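One structure, as structure tokens, below. Some questions next.
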């Protein structure tokens, strides 16, 4: 049986990808108590990084939106790999969105909305979360966006 | 009855502002277990961003200090909106301070001290917290500072 | 009696340094529930900052690796100062690695691996953690790396 979360994503034409492997000496997701936290997710499909460059110069803001959406899908995949059934999530607590930013780019909110909207499509009202959106001059592998998701889960 | 926290702030000539609305598709504050975490707070009064530009070039370090202080007041407003009575806070756990930094600016600590001192004025000894202070080349809306506060609360 | 953690570090020729003091108006480490979180640790020995400049220009990537390692040792020192015996740690939960990055530098993962490898040397399998590695255009005191560690501890 697929989870309600996966059914909702399916209605938006989305499926949960295979959880990407770590790109360094760390693990992609951990549970501590009732919190699950992912490592920084990049806009990867499998081992391929799909969105490189600085948002506001190399990467248009609307493309950055899609990059953030892809990061969020990867984060959901990590959470699923950690807890098995996504319906155990009781709240998406926090999103950290890092945007590799060109000089003078200030629309970080619009970019990270790509992740936030996807999370609400997936989890409904409990998908609504706190958020930081900040710029970085450079990100790992030249990724346009990096994203972390914190989720609260039931026993 | 006003909380002890609000009485202390009053003695420093401060009142808690109306909690600013989110500037994207997220919520400004969440409680999970005994932790309350805010979204990234900007130096806003209502809907108006008061401190724009890069600290160390457009914005003097001492002005950045006041921007950080304003972010901290907004964070306290969010926490109050979440838990009702600020005297339920048992500890300010963590402050994340992002400073939109001009080239060569390294006095992030002095800027974020504006938030840290305000939190100790408000909460006394339990207001003393861990902290990160980091630079960002660009922040949302060209804000000089962005700040997150994590608080521990009692039942 | 020294902890197992300190014995393991000793086998790698490492000893835990004196925990550095805060460089601003904050505390270096806090416990909330079963989580211990440090403030941002810099590559300091005592009061001296050992690695300054931008990684990828002033500081070679391999030197950045050693800076990250030094930050991790300081973080372990902070956790020890907080909980007394490092064998109370049940899991290293999360590492936040901020790399002061030159234009075009994208090997953040390789730099922060210096911290991650040290944590696994110290804690073994429970030292494996989630991680963010992000770039910053400027960091406090011109530090090459800043690092935060979150640990889960038993009662």
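Should a chain be cited, it is by its letter among A, B and C, assigned in written order, with residues numbered from 1 in that chain.
Just so it is clear, a residue touches a chain if its C-beta (ideal position, glycine included) is under 8 Å from a C-beta of that chain, and two chains touch if they have at least 3 such contacts.
Since the model is a prediction, treat every value here as computed from it, not as a measurement.
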Compute the rotation angle for the C-alpha superposition of chain B onto chain C, expressed as a multiple of 5 degrees. 120
For the two copies chain B and chain A, is the contact made of the same residues on each side, with over half of the numbers shared, or of different residues? different
Cα-centroid distance, chain A relative to chain B, in whole angstrom: 25
For chain C, residues contacting two or more additional chains: 33, 136-137
Contact residues on chain A for chain B in the complex? 33-35, 91, 93-95, 101-110, 112-113, 116-117, 120, 128-137, 152
Quick one: in the complex, what on chain A touches chain C? 22-30, 32-33, 37-40, 96, 98, 100, 136-142, 146, 148
